[in-house]
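Let me begin by presenting the structure, written as structure tokens, before commenting on it.
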Amino acid sequence: MNLKTKLNKLVFQNPITTASGTFGSEMEEYVNFNKLGAIVTKTITKERKAGNPSPRLYETEWGLLNSIGLQNPGVESFITETIPLYEKYQTPLIVSFSASTQEEFMEVLSRLESVNSISGYEVNVSCPNVENEGLAFGVDAQVVNELTAKLRKLTKKELIIKLTPNVTNIVDIAIAAKEGGADSLALINTLLGMAIDPMTGKSRIMKKICGYSGSAIKPVALANVYRVAQAIDIPILAMGGAENYLDVLEFIYAGASMVAIGTANFYNPAITEKIISDLSQHFSKYNLTMDKIRGKSF
Amino acid sequence: MNLKTKLNKLVFQNPITTASGTFGSEMEEYVNFNKLGAIVTKTITKERKAGNPSPRLYETEWGLLNSIGLQNPGVESFITETIPLYEKYQTPLIVSFSASTQEEFMEVLSRLESVNSISGYEVNVSCPNVENEGLAFGVDAQVVNELTAKLRKLTKKELIIKLTPNVTNIVDIAIAAKEGGADSLALINTLLGMAIDPMTGKSRIMKKICGYSGSAIKPVALANVYRVAQAIDIPILAMGGAENYLDVLEFIYAGASMVAIGTANFYNPAITEKIISDLSQHFSKYNLTMDKIRGKSF
Amino acid sequence: MKCKLLENIKINEDYYLLKFSREGIKAEFQPGQFVTVKLPQQVPGQRLGIPISIYQADTSTFTLFIKILGEGTRILAHAIQDTELDILGPLGQAFTLLTNKTVLLISGGVGYPPLRFLKDKLKDCQITWIHGGKFASDIFPCDHAYTEDGSRGEKGLVTSDLRDILNNQKFDMAYSCGPNPMLKAVASILKDYDIPLEVSLEEYMACGIGVCYGCAVQVVSNDEQPLYKRVCKDGPVFHADEIIWE
Amino acid sequence: MKCKLLENIKINEDYYLLKFSREGIKAEFQPGQFVTVKLPQQVPGQRLGIPISIYQADTSTFTLFIKILGEGTRILAHAIQDTELDILGPLGQAFTLLTNKTVLLISGGVGYPPLRFLKDKLKDCQITWIHGGKFASDIFPCDHAYTEDGSRGEKGLVTSDLRDILNNQKFDMAYSCGPNPMLKAVASILKDYDIPLEVSLEEYMACGIGVCYGCAVQVVSNDEQPLYKRVCKDGPVFHADEIIWE
């Protein structure tokens, strides 16, 4: 079936990929990686990051709270240890990275540029900017624009800016990224959430305010994707609560060129393959192509 | 049991009230209004407002989308037709109102000031501001501050500003309202959401982008309440997905002095009374008071 | 209100009759009114009660006539005897009851149930009932049946021969329930014959009792702004003249 | 993997033994490993699989030992025969298996199951098992039992007489599973006696297979930054020395 899609510079055999931080090489046992449209890896930083103290997870009624704190071994270890695990697959590899200063973002990207097997980058700007009172990079259009422009100069590969939904107007940030030279946008990162044990008052998560994902946030994600897709012309990698092929269709109708599966991997590690096969059947049955439905919600 | 609580100027027999737009005199058949801590009425405007075309509702996997568009008969009809329906109850009546210009907000408030049976006001600032490119009043700290100050001059009654969560930093807006003279804050109004029929691409809601409420948004509401309660000292009327007494306890621990029940009224119109009775039992059993637990999450 | 399911009768693959005890419900059940039924388990996207018209009622029971349309109605249709379901109602405005008149009933698919209850309550009336559906399985006892595929009754829509019928017989009043496009067509034809028509409408509902203003239908307004009424509280029965059909 | 529940044996009000078919699972089950089990229905806040240690396993079945703690374990414990449950596993790192040694097992409450499986697999070892719980119902076959209320075995904690036992007998190795405060106390005592200790830890899990980094436990690090390992993938069994107890 023709599930082909593309972002700006990359072409994919199907529109299903993995949301950063919810997928790893440990999934090999459950998913044939060659079947995926693309693989997006967990966000890395320049140096090793310890991550946050436990508890880091809590399942709310209808979604998931997490406070991993970007635990990762740092870019060097990522290049030597992790990248090779993916090199045996044909699937395009998109590497997510982050940093706490613009300079550091540039350093990580420069280092990654030496790796041929990387097809593109997803820039995670939801983390605190130490140069801007610890506010997330992604909440300030000016900062997003500058940072994107600086990174753009360093790479010819697909440059995806991943936006946070925790802003007054995501369209402003999307425009800033586009004007800075982004090839495409990924949205949305997690909402801010919290949960408390009602019997004791103890926060369920050590860091209290944390990231909220899963099925519960899908309507918010769709609203963001739709608004950005209506406002500007740039390919969108959508995510936020997609759990099955019907959810994926919603995102495509809203304007997504690709859809990443995140939290749903935790309910079923084989879910991405299942979604691809369901989507393929659906496309056959109704004779669809991505072009026929992408952004066509009315 | 001692469920007593207060906002700034008002004292309530218990911390349970109704979220604007989800409760009305039609509930009399299911709830003894005298049992409620307070009643918050559906938002009214100066003139009759038609509201949005249908469909206005859609139940997502774990929450509710709505696009009512503030349908209401206007302040005059509200005063003559609706207010009397509540006058037979002792429960404090809090009237929610909105407008599309600051001037109009003032006009509505002035008109309501003539009604003795009103105990306080909830100012809904989530609606488009025609003087500011149609952006919601509530997304701009400066506007919230000005508007609050103007309304403050017109009334000595409890003045509650109801904030929208669709902002980069709700704490900024909360501070602006407090500095403008708000007695207390209500949060949160609905998130922005959307849903699409995956078979056809048709938006489930005529207006497409609409309000998202219910259990799915509780973690977001808790994060907002907690952040505001940590940042400033002002009583909070919390709402967003509270469905049972355990949810109410979560909000109180996060910093709420009162909790409004919204979408849950649609699952069970008698839910508010049930929550009050469950909460009362819980307070007895563990010998709690509001002061012992409010804001005590750790 | 918890209502016990006394009996579940399968009519065919798609339609089920559910008879409940009405113990504890004091209000009278009137034709055109509905109830909302909560599913016995948590199903994603199905936590709100499902609105279902009243099909029959007596002093101790009421019966619903349910068509399986999606997950919610599928679960309801398969509820087993003695299950206690959370039910709200009777809700909404009923049809006007006439005595000793000539009456036309026009229903489509799952518009059948409220008219069936109405028929039982119309005293000494001469009744003609036209009913249509997609397939033979959508057809229930009536005077003139239509199916889109011709597998039962006449091939066509309920409106196919309507003008002929109206040319041949005089009616004091008509009642209709079914999909919106059908109601619109029926209303437009009956207007030509000047026959008063009451329609029962469907809209997506949250509260079912008039507080949320979610179930809006546009009605004729005498000012510039549109005017919306609530299907759950001001309806579901409306005079056809009042409705602005899309 | 869908696994069929072959047998559900109630031990007492709180504890149940669930025996599953392992058809389709090729990997060997080792003591200390666990599986995650999805509930057969949608329950709010319970869509993730629930991690449960392996209690017993043979070539065609494996058995879980479940304590009812909340809604999820309540539903699992009441699953009926022939239900097919979604199960992932065996997952995680197992205990080190010794032969011909003197071994001490220390468990608290629902820390019992992995040690029971371990006991079966320790070849030719001389084993002493200390087990404790709140009430008599938390006690299962062992050598020394403790309850907090004294209703069965000795009154006290598993650590109450631990130093006495260690003073009287030499052990080559110890294994422990139970609540964190117990493990911490056990680790500190065994350190004094220089007995190597493996502990099996519990943490809230999302993926259970090492991708989300949600189930972090702090371990000894040789740089300034803290170092966290994943209970699901790097554990649940760790050398006690490695753990930084809170």
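Think of it as A, B, C and D in the order they're written, each chain with its own count starting at 1.
Here is the rule we go by: a contact is a pair of C-beta atoms (placed from the backbone, for glycine too) under 8 Å apart; a residue touches a chain by one contact, two chains touch by 3 or more.
Because the structure is predicted, anything quoted here is derived from the model rather than measured.
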* To do: Chains touching subunit A and subunit D alike, please list them.
  => none
* Structure fact -> Looking at Cα centroids only, farthest away from subunit B lies chain D
* **Distance between chain centroids, defined by C-alpha means - subunit B, subunit D (Å)** => 47
* Asked: Taking each chain's centre as its mean C-alpha position, how far apart are subunit A and subunit B in Å?
  -> 33
* Structure fact -> Rounded to the nearest Å, the gap separating the Cα centres of subunit C and subunit D is 58
* To do: Please report how many Å separate the Cα centroid of subunit B from that of subunit C, as a whole number.
  => 35
* So which bits of subunit B are touching at least two other chains? -> 60-62, 215
* Could you tell me which residues belong to subunit C and also touch two or more other chains? => 44
* To do: Would you identify the shape of the chain contact graph, picking one of line, ring, star, complete or other?
  => ring
* Tell me, which pairs of chains are in touch? -> A-B, A-D, B-C, C-D
* **Residues of subunit A defined as touching subunit B within the complex** => 60-63, 65, 139, 166-169, 191-196, 198-199, 201-203, 208-209, 212, 215-220, 222-224, 226-227, 246-247, 249-250, 253-254, 293, 296-298
* **subunit C residues touching subunit B - in the complex, by the definition given at the top** => 38, 44-49, 86, 88, 203-218, 221, 225-228, 233
* Structure fact -> Within the complex, subunit C is touched by subunit D residues 41-44
* Once bound in the complex, which stretches of subunit B touch subunit C? -> 21-24, 26-27, 29-30, 42, 48-62, 64, 66, 68, 71, 263, 265-269
